[in-house]
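Chain naming follows the written order as A, B and C, and within any one chain the residues start at number 1.
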Amino acid sequence: MSEAAAGTGAKARSAGSAAPAAAAALELRGLQKSYVRGKPVLRAIDLSIAGTGLTAIIGPSGTGKSTLIRCVNRLVEPSGGQVLLDGEDLTALRGRSLRLARRRIGMVFQEYNLVERLTVIENLLCGRLGHVGALRAWLRRFPPADIDRAFELLDAVGLADFAKTRADALSGGQRQRVGIARALMQQPRLLLADEPTSSLDPKTSVEVMELMRGLCAQRGIPVIVNMHDVELARRFAARIIGMSGGRVVFDGPATALTDEHLKQIYGGEGWLA
Amino acid sequence: MDGSRGVAENLTPGTAVRRESHASGQPGSAVRREWQRFTAGERLARFAVYFFVVAAFVLSLGTVEVIPEFLWDAPAQVQDLLVRMWPPDYAHYPASVHAALVETLHMATLGTVIAVLLAVPLGLLAASNVMPSRTVNTVAKLALVTSRSVNSLVWALLFIAVFGPGALAGTLAIAFRSIGFVGKLLGEALEEAHRGPVEALKASGAPWPSLLVFGYWPQVKPAFWALVLLRWDINVRESAVLGLVGAGGIGVALNTAMNLFQWDRVAVVLLAIFAVVIVAEVVVTWVRGRIL
Amino acid sequence: MNEALAGGGSSGKPVPGSRRAFEPDWLARLGWLAAILYVVYAASLLDFTWARFVTGLEQAARFFDRMFPPDFSRWEAVLKGLKESLEIAVLASVGGILLSLPIGFLAARNLMPAWVNWPARAVIALCRTFHPVIVAIIFVKAVGFGALAGILALVIASVGFIAKLFAEAIEEISLKQVEAVRATGASFMNVIAFGVLPQVAARFIGFSTYQFDSNVRNSTMVGIVGAGGIGAPLFVAFQRFDYDVVCAILIAIVAVVFLCEILSNQVKRVFGEAVQDGREPRRG
């Protein structure tokens, strides 16, 4: 996991892109975004994510963490710069090819974003919609392999008994487990998580983070997580990226994050106990 | 120390206020904070609406041609009507009302089915979050407005001119009047759907038909069935009057009885309509309870 | 490539394919089949045939040929009829809205005890039973030919629609907010004003404006049975096959309906903005 931290600032992709484990899975080059002209939310972000560790992005509200994550799978359209997934520039993609690229990126949301009126198993299979035609999905004719994997993932997140429960009957922690399982159904190359624990209580937060880190490490999937909770980030992330004012102001292993850095990221010091 | 700092921060939550005190160059000076529910523009707009409504009401009340004597006469007239209606001529029901009643139900149901088939695509095209093109939205909405602007009786008259009198004209009138209703409300339900699940599916690379099937449909399904049922309910009532202009159904029986001043037969027809409407209402409530 | 890793952790799992994700919903399939069979049956009953459709097209061509150009020569009568229709619609809407507010509240099952909501719901059901035109027939008999019968008929229709949907809207409100207001020690009326009304006000405005539009449309029709407005001249023209006059009147009606719809959309914009707030939270 320390490799991830060591890869800090490595901009150029190493030669031999055939081995994804060695190359950066995700690379951002000069990524910019402004919703209103002249008021950039992201100012030229350069990042590269390699290895299989968990990377946490911390920073004050409104500093562009969510925007950054959403620019990666282009739920938000970047204003400039490049997003490279395994060397392929996602910002250049349109239509079907964008869709195919999105299939390779899993995403977990703050508000879970489950389809509430569908059952848990159906929500999991939603992760395969990129691979299954709409008519087959409508008739619930998913490939048996997908259904098997869905049940395996349900076992893995500890919700095996809830397969046919409607998603709106679940608790917050259970919903987020479903959210993680749905993202993993995609068999993604990369997992994005947008404040996955902000709507959860502390204990559930830890469980969800543990689950996410464990499952992804097992499958060799690098994770990028937006977080509010610095302690949680320290506990689970190998690498921490601190953002402030649309810029990366800290990038290093979790152990290197000091109060000095936090002051720089969040400003002020009164809140530091 | 830390505690007092926190309190000081909490005392000035309104950023506007702080900015104002900076502008005046006196950072501690107390600025009076006012709270108003609406901005000046909003209040003006609201006032304009109130004024307009009152003006329209007063103007209408002043100029409408109502003969007050008729109002005084009303109780006596109603009494006379009831006397003539009682007892209803029940023997008339099996003779000519029943078949017309069944025809009315078929007109309402088939009309609703046709309307839904045509309204779903239009509703999808009219929802701005499903169909991002403003032009397409507008065209679809225009089609829906046209359907709604023409009363079902007028639709009936038009279809009678085309297909001749009868239940066919009535069914098509029901269908074409309902397209606008179903399409508009479906479009609105779609626009009210939560973006989150749809965003999640989009992030997983789902193609747009799958977004419809898994992102939107589960969310609008209850609203969709509710509004289809509501429209069917309305259509049962509407199809009962189309016969007044000759478009089939029980209205024909009503019209005939009224033209002949056979008020006891009118009573039977009205009772039949009443019964079928109540049954429709019960069916709708039952089905809604089952589906939602 | 991750396939191999995917199942890596779980050992001793059930045999693949042994668990079913979805139960086949036979009831739903049967329902769809029944629906299709019904449509075919009903269509045959109502004489939906291709031949009829083709002859209909010829008829339509002749019909449209006679409709154009529209004959506006009797525009004064048209204007007078339209004015009366609008008056009927405005008065009926105001009366209907004023009556619907209390009746709707009384009919809400989550706020009112059964002995209050049952009578209120019965009144609403009675108002909804008959189409406005049929109600107009009865009122024409009761208060004579003219606008009054139309107004009364549409008041009934308005109560049936607005009060019903209003009551349903109240039944759907979040009781958490009501509880919060009640917890502050607010009086019953204050609970209504701050806990209930804010949740349903925008929808009430929506129903009201919708019913106004609907009243405008129906006010042009009640004349068919003698209850005032433009309906009478329209129907007479139809019966005389004066399709060019019909066309002129229809154009006038559609224009008025459009105008009213634009107006009520403006009203909704002014009062209904609160609904849209918070629907799409901004991402930072």
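Going forward, a contact is a pair of C-beta atoms (placed from the backbone, for glycine too) under 8 Å apart; a residue touches a chain by one contact, two chains touch by 3 or more.
None of these values were measured; they are calculated from a predicted model.
Chemist: Ranked by contacting C-beta pairs, which pair of chains comes out on top?
Modeler: So the chains sharing the most C-beta contacts are B-C.
Chemist: Please indicate which chain is farthest from subunit B, where distance is taken between mean Cα coordinates of the chains.
Modeler: Using the mean of the C-alpha atoms as each chain's centre, the farthest one from subunit B is A.
Chemist: Hey, how far is the Cα centre of subunit A from the one of subunit B, in Å?
Modeler: Roughly 43 Å, centre to centre.
Chemist: List the centre-to-centre spacing of subunit B and subunit C in whole Å, with centres computed as mean CA coordinates.
Modeler: 2
Chemist: Two-or-more-chain contact residues of subunit A, please, as numbers and ranges.
Modeler: 122, in rising order.
Chemist: Taking the complex as given, what residues does subunit B use to touch subunit C?
Modeler: Interface residues on the subunit B side: 42, 45-46, 48-49, 53, 56-57, 59-61, 63-67, 70-71, 73-74, 77-78, 81, 103, 106-107, 109-110, 113, 145-146, 148-151, 153-154, 157-158, 161-164, 166-168, 171, 192, 195, 237-238, 240-241, 244-245, 248, 254, 258, 270, 273-274, 277-278, 281.
Chemist: Name, in rising order, each residue of subunit C that touches subunit B in their complex.
Modeler: It comes out as residues 35, 38-39, 42-43, 45-48, 52, 56-57, 59-60, 63, 83-84, 86-88, 90-91, 94, 125, 128-131, 133-134, 137-138, 141-144, 146-148, 151, 213, 217-218, 220-221, 224-225, 228, 234-235, 238, 243, 246, 250, 253-254, 257-258, 261, 266-267, 270-271, 279-280.
Chemist: Flag every residue of subunit A that touches subunit C in the complex, lowest number first.
Modeler: So the residues of subunit A in touch with subunit C come to 41, 61-67, 70, 76, 121-122, 125, 140, 142, 144-145, 147-152, 155-156, 163-164, 187, 215, 218-221.
Chemist: Show which residues of subunit B lie in contact with subunit A when the two form their complex.
Modeler: 2, 5-6, 196-197, 199-207, 209-210, 212-215, 218-219, 221-222
Chemist: Under the definition above, what is the set of subunit A residues touching subunit B in their complex?
Modeler: Residue positions touching the partner: 73, 75, 96, 99-107, 109, 111-118, 122, 126-127, 129-130, 132-135, 137-138, 179, 182-183, 186, 192, 270.
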